[in-house]
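Order of writing sets the labels: A, B, C and D. Residues in every chain begin at 1.
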Amino acid sequence: MSHNTFGHMFRVTTWGESHGPALGCVIDGCPPGIAFTLADIQTYLDRRKPGQSRFVTQRREADEVKVLSGVLPQEDGVTFITTGTPISMMIENTDQRSKDYGEIARQYRPGHADYTYDVKYGLRDYRGGGRSSARETAARVAAGALARKVLPGVTYRGALTQIGKHKINRDNWNWDEVNNNPFFCPDPEMVPVWEEYLDGIRKAGSSVGAVVEVVAEGVPAGLGAPIYAKLDQDIAAGLMSINAVKGVEIGEGFNSAELTGEENADEMRIGNDGRPRFLSNHAGGILGGISTGEPIVARFAIKPTSSILTPRQSIDQDGKEVELRTKGRHDPCVGIRAVPIGEAMVACTVADHYLRDRGQTGRLD
Amino acid sequence: MSHNTFGHMFRVTTWGESHGPALGCVIDGCPPGIAFTLADIQTYLDRRKPGQSRFVTQRREADEVKVLSGVLPQEDGVTFITTGTPISMMIENTDQRSKDYGEIARQYRPGHADYTYDVKYGLRDYRGGGRSSARETAARVAAGALARKVLPGVTYRGALTQIGKHKINRDNWNWDEVNNNPFFCPDPEMVPVWEEYLDGIRKAGSSVGAVVEVVAEGVPAGLGAPIYAKLDQDIAAGLMSINAVKGVEIGEGFNSAELTGEENADEMRIGNDGRPRFLSNHAGGILGGISTGEPIVARFAIKPTSSILTPRQSIDQDGKEVELRTKGRHDPCVGIRAVPIGEAMVACTVADHYLRDRGQTGRLD
Amino acid sequence: MSHNTFGHMFRVTTWGESHGPALGCVIDGCPPGIAFTLADIQTYLDRRKPGQSRFVTQRREADEVKVLSGVLPQEDGVTFITTGTPISMMIENTDQRSKDYGEIARQYRPGHADYTYDVKYGLRDYRGGGRSSARETAARVAAGALARKVLPGVTYRGALTQIGKHKINRDNWNWDEVNNNPFFCPDPEMVPVWEEYLDGIRKAGSSVGAVVEVVAEGVPAGLGAPIYAKLDQDIAAGLMSINAVKGVEIGEGFNSAELTGEENADEMRIGNDGRPRFLSNHAGGILGGISTGEPIVARFAIKPTSSILTPRQSIDQDGKEVELRTKGRHDPCVGIRAVPIGEAMVACTVADHYLRDRGQTGRLD
Amino acid sequence: MSHNTFGHMFRVTTWGESHGPALGCVIDGCPPGIAFTLADIQTYLDRRKPGQSRFVTQRREADEVKVLSGVLPQEDGVTFITTGTPISMMIENTDQRSKDYGEIARQYRPGHADYTYDVKYGLRDYRGGGRSSARETAARVAAGALARKVLPGVTYRGALTQIGKHKINRDNWNWDEVNNNPFFCPDPEMVPVWEEYLDGIRKAGSSVGAVVEVVAEGVPAGLGAPIYAKLDQDIAAGLMSINAVKGVEIGEGFNSAELTGEENADEMRIGNDGRPRFLSNHAGGILGGISTGEPIVARFAIKPTSSILTPRQSIDQDGKEVELRTKGRHDPCVGIRAVPIGEAMVACTVADHYLRDRGQTGRLD
C-alpha cells in the first residue's frame, strides 16, 4: 500500500514531484458550506514558500494555488463555497532547474532517499529528489488552510524553539514575535543569535537541525479515540511524515521520563465559570488519546538538511564508490520552513477527528 | 471512527477491558503456512505479565492465550499452522478486584483518561480504567509474537535505557543482560542504581517515567513507503498508541536538532561482500520513510504511572472538587512492562510493511 | 489485504471457522449509551439458526452469543449499555461432526471454495468448509442486531420471493405472514407450493436457488455518499459478500433495463404534511447513491447449495480425477436462511452511513 | 466518510464536476516500471467520449488526458515509465454550456440526485449535475487504462447485451463485432433492430435502459479474498458505483435462483495440459470470492437516462410543485457509454486484488 493519503474523514491525498509540471492534493470529506478565498490559502503557502529570506532555499516558486473542483464560485468573484465533494488543488512548478541535479542522477546522496527509493522501486525520479522532495509539503499547507476552517475557534500556531544547540528562552515566548523574523522565532532575544549562527552555517555550505513546537488552542475536550486513533498518535504520525523529522513529543514528551507521578499530575478544579479546568498541562492537552480542552502541544525534531557542500563518501547505482557534494539550492536549516507544515498537519488531524465525532454533514438530527 | 485496528495488511484489532471477562485480538492478514505453538506466544506474554517482580503491579494474571480460529491444529497436539484466515486470540481476565476501584468510580484520577472518556462518551467503564487500561496491551504482545514469524530472520529487541534521571551508559550495552534483571536493563552497572531508586519510589507510593529503546535487526532495505505510510511514521504511530507514551524518536531523534549535516550524514561504501553498507546509522535505519537495511532504532518516553498514593486535587463527574489518592495495585514505573509492548508494535509494523511489498500469499508469480 | 472487516464507522470484523472452537465478531464504532439484552441478539440468531425445520440443515447449534467487551452490565442482570469501545461477541461451535467431512478432505467439491482456497493459500481448513462455511454469517446476524439499534425508527425486514422457478405473487405480499412459515414467505398461497417442491428437492438430495428481498423503512433522506460510498453500492457489496450470492438489485434492478425514462421516473409532490414525497419508488429509495426517504429495496439471488448427493466429476488436490457426492447435513435451499443475513447486512450498512453523517459520539455541538 | 476513492492497493481517487474547469484522478499504488503512452489511455477515453454517434449525448469534449505526476518521461518523447508514486491525471472540461441548465437550477429533476444532494449537503452544484454527472467516469476510464497494464495477459472486454426489451442472441456473440457498431453490440443481427428502436426513442426525447456484460479473460486462479474482500463483491461494488446502475450479476446471476445444484455445478477435470479445468462456468469465474482461472463474467443493468423531454411532476428547493422537462444534451441510452466504464471498473478491481497478493513492488524475495 503506497499510501499518499492521510486522515479518515478529512482525507488528504497529495501527488506530485519536485520537477514535474505540478503538484497538488485532493481533499475528500471537507464539509459543505465552508466559505474561503484563494487568499485564505495563499497566506499559508507564502509562509512556507522558498526564497523568503537568505536562510531558506533560493529556489523561486510562486506557489500559486488553483482550485479545480468541489466548490461553488460565488458572485463576488473571489469567494468559494465548498459543496462536500472532493476539492482538487494544484500548484504548478515554475522554477525547475533540472540541470543542477544532472551529475548526481546516478549517485546516492547521503541522508537522502535516493538509495532507498532505488532499492524499493528499482528506479526513481532523481530530479530534485522527485517525490521525496519537501516540495510535496506545499500541498499539505494548502490542505491545512482549509482544515483550519472546519472547526472554527481553534488557533494553530507554530514556532521554532531550537536551532542547533541554541534553544530559545521559554520565558521570552511571545507569539506576536513569530512573524517578525525569518525564523518563526518566539523569543526576540534569540533572533540575532540564530541569525549569526545560521549565516555561518550557510556560508560554510553546511546545515543544522531544529525543533518546532505547534500549539492548538481552542480544541474542545473529547476529540480523539482509543486505541489506534488516539489524537496524540495521529498527530505524531502526521508530524513524523514530514520530511526530515526524527522525533515527536506531546506535552512533556521525553522530559516526562524524568518526572514523578506527583510532578506530572495535571490536577483539576472547577473554574469560576463552573467548568472543569486543569491546573497544569504536562499532558499537552491529551489524556488517553482524547483531548482535555487544554492547549494541544506538540514538538518535533528536524534533522539537518542532507544536501551540503562538504564532500561525503557514497556509492552510485552501479555500486561504484564516489565522493559527492550537493550543489543545487538548499535550506541551511529545513526546520524553518517546517513550521507552517507542522501547523498544517495538526490542523488536518484535529479537523479529521472533529468530523469523526460530529459527522461530515450532521444534517440529520 | 473508533479505531481499534492497526496495520493495513497485517491488521490487528484488539478488544477488551481491564475488568471484563476477557480481552483479545483478531489478526487479519497473517499469511498462510506459518507454524507456531502457544508457547511461542506465551513467552512474550510472560515478559509483559504483571506480578513478575516487586517493581511492577502485583495484580496476578495467568495471561494464558487461547487461539480460537485461523489455524489448522497439527497432529503433534501443540503446533498450529496458519490458514490465511483471521486468527482470534483470547486471554481471560482472572484477577479482577473490582472493589479496589469502587470509591473512585465517580472521580477523575489526574493523568488518567477518566475525564476525557466521560466527556467523549458520556459514560465509561470505571473498573480498572476499562478500555484505557494497559491490560489491552497483552493483546498487542500476542499479535506481535505472530508478527515476528512473518518476516523470518529479523530480531526485535527492546531495553529500558532511562528511569527518572538515571540513564544507562551506552558503552555498557549488552543485550544478554536484558533478561537478567527485572528492568530489561542492558547495562549491568545501572541495575543496582535503579533497584535502589525504584524501591524508594515504590515505598513512597510514587512513580516515575522511563525511556525504552527497540532495535530491529535484519530488516531488509526497501520496506516502507512515501508519503503517509513511511516506516518511521507507522512505527511512531504504533509506539505513540501505547498507554502513557509521550514521545517517540527514530535514530538520532531529538539529538539530530543539534547536529550539522556533516555530522548527521550516514556515508556509504561497498562492503567486502560487494553490497552497499552504511558507515554510521544516525538515520536509525530509515531514509525517506524506507528502510536502509541498517538496524531500525526507535525510542519512546513513558510518563510516570498516574496512579499514586499522594493525594491530588481533582473533580468528580458531578463537578464537585475532591482530593483523591489511587490505591489499587500499580506499577511504580510502567515503563518496565512497556519493553515487550514496544517490541510487539515494531514487529507488527515491520510485518505489515513487508506484506505490503510482498503481498499476502505471494503465490502468483 | 485479507479483509474480514466491513463498514467504516460501524466496523464489523468477523472470525471463525465451521469446525473450530468458536466464531464471533468485534464491532468497532458502535456509539455509546445503547441499551440491549442478549435476548435482543438471540432473536435474530434464532431466525438464522440451523435445524429449525426440515428445509434447512439438520446441524444442531445452540448459537448462544456471549458478549465479552464494550459494555457496562446493568444492575438488572440482563441489560448491557454500550460504552463506545469495541464489542466482542462469541458463539461457540457445539455440533461439529468432523468425521462427516473426512473422506472429502482432499477432494474439491464443485461449487465450493475448496479449489480456490487451496490455490490461494496452499492449504485450507477442509472441516465443513472452514472459513468459507456459511456459519460465519452467524456473526453478521449478531452484529446486525446491534446495528438495528443505532438509528432508531428504522425497520429492516426480509422475505423470500422465489425458490427455483416459483415466484411469489407480489399482490399477496403480507409482512405478517413472513414468520408464519419456514420459508420467510410473504405470500401465504405460495407456502404449500414451496413446501411440496422443496420436499422433492430434499428427498432427491438435490438443492435449488432462491431470491431474497430486504426492505428498510424509515431511513431518513440524505444517507450515503458519492462516489465510491454510494449507499446502494455499499448495500450491494454487503449482500454480495454473503455466501452463494450471485446477483444484487436495488429498486427496479434488472427490470429497469426494459423501462423508458417516463416509466422509471419517480415524480415528486408536496404531501399533506408539507413534506416532499415521491409518487413511486422505482429507485428503491436511493438516488445518486443517497437515500431519498422512501423505503430502501434490495434483492439478491442465491445459487443452489453446492453440496448435493448426486455424484459430480471433480479432481483432488493431487490432480487426480474423482467422482464425489457430498453427504454431511446441508440446506436444500440456502436461500431460506439468507433472509436474516440479508437484513443484517442492510442494517449494518445503514448504521454505518448514519454514523458517517452524524458522527460517532455527536456530543460536541 | 465522503469516499471518492476505490481500491486498496491500486487506489483511485477521482475529483471534478461536470462544469468545473477540469476533472481527474490520482492513482496511488500503481507499481513502478510500467511503460505507457498517452495514446494507451486516450484509446479508452475515446470509446467513452460523448458525441461519437447520434445515439449518445452531443456534448463535445476532447477528453484529452494530461499526466501530471508519478512518471519518468522517456527520451522518445511519448513514453512514460511509472515510478511507484501517485499518478495524477487531469482532463479539462471544454464544452460547458451552463446556460442550458439555468432554468432548472432550483428544480429537482426526477431520477436525478438533485433532491438527495440538497438534503444531504444543503447546497449543490446544479450545473450539469455537478459531481453526480457521469462525466466523473472519464477519470475511471483513464485509471482503468493503466490498470490493464498491471497484470499483463488479461483482456477486459465489454458488450451491450440488451436495450429495452431487445436482448441479443448469445449464439451470435462475436467480440470482433463490438467495435463495428455504435452500440458495442456483439450480435450483428441485433444492430439494425437497436438502431431503429433507439432512433424512435431519441426522436421522442425519451430514453431507455440497458444491460452490459464485461468479461475478463486470463485472470489467474487465486485472486480475491474472504470474507469482505471477495472478488465478486468488489466487482459488484465497483459496477454499482457507476451512475444509473441498478443491478449487478456474476456468472449465472439471478438465473441461478432457478437452477438446481446439479445444473449449477461446475465440474472439474484435468486438461490435456495436466492442469485443472472446469467443464462449465456457471460461477462466472469466482468461487468463495476467489478467482477460479475461468473467465470472470459480470453483468450490470443501467436504468434509462433520467433527463427526458416529456414533462414530469416535481418540486423545487423551496417546496413548490413544478412541472419540468430536461432539455440539455443527453444520451437516449446511457447504457451504451457504460461499456468502457464497466471494463475499467473490472480492470481496476482485478489489478487491486493482484497487488494484494503479489505486493506493490515485489522486489524483496
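We take it that a residue touches a chain if its C-beta (ideal position, glycine included) is under 8 Å from a C-beta of that chain, and two chains touch if they have at least 3 such contacts.
Chains and their UniProt names: A, B, C, D = Chorismate synthase.
Quantities reported herein were computed from a predicted structural model and do not represent experimental measurements.
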Quick check: more C-beta contact pairs in A-C or A-B? A-B
Cα rotation angle, chain C onto chain D, in degrees to the nearest 5, is 180
Averaging over Cα atoms per chain, report the distance between chain A and chain B in Å. 27
Rounded to the nearest Å, the gap between Cα centres of chain B and chain C is 38
Averaged-CA centre spacing for the pair chain C and chain A, given as whole angstrom: 45
In chain A, which residues are in touch with two or more of the other chains? 1-5, 8-9, 14, 85, 119-120, 131, 222-223, 225-226, 356-357, 360-361, 363
Under the definition above, what is the set of chain A residues touching chain D in their complex? 1-5, 8-9, 11, 13-17, 20-24, 26, 28-29, 32-33, 66, 68-70, 72, 81, 83-88, 90, 119-125, 130-131, 360-361, 363
Enumerate the contact residues on chain D facing chain C in the complex. 1-6, 8-9, 14, 108, 110-113, 115-117, 119-120, 131-132, 136, 162-165, 201, 206-211, 221-230, 232-234, 236-237, 240-241, 243, 246-270, 274, 276, 279, 282-284, 286-293, 301-308, 310, 312-315, 319-321, 335, 356-357
Enumerate the contact residues on chain C facing chain A in the complex. 1, 8-9, 85, 220, 222-223, 225-226, 354-365
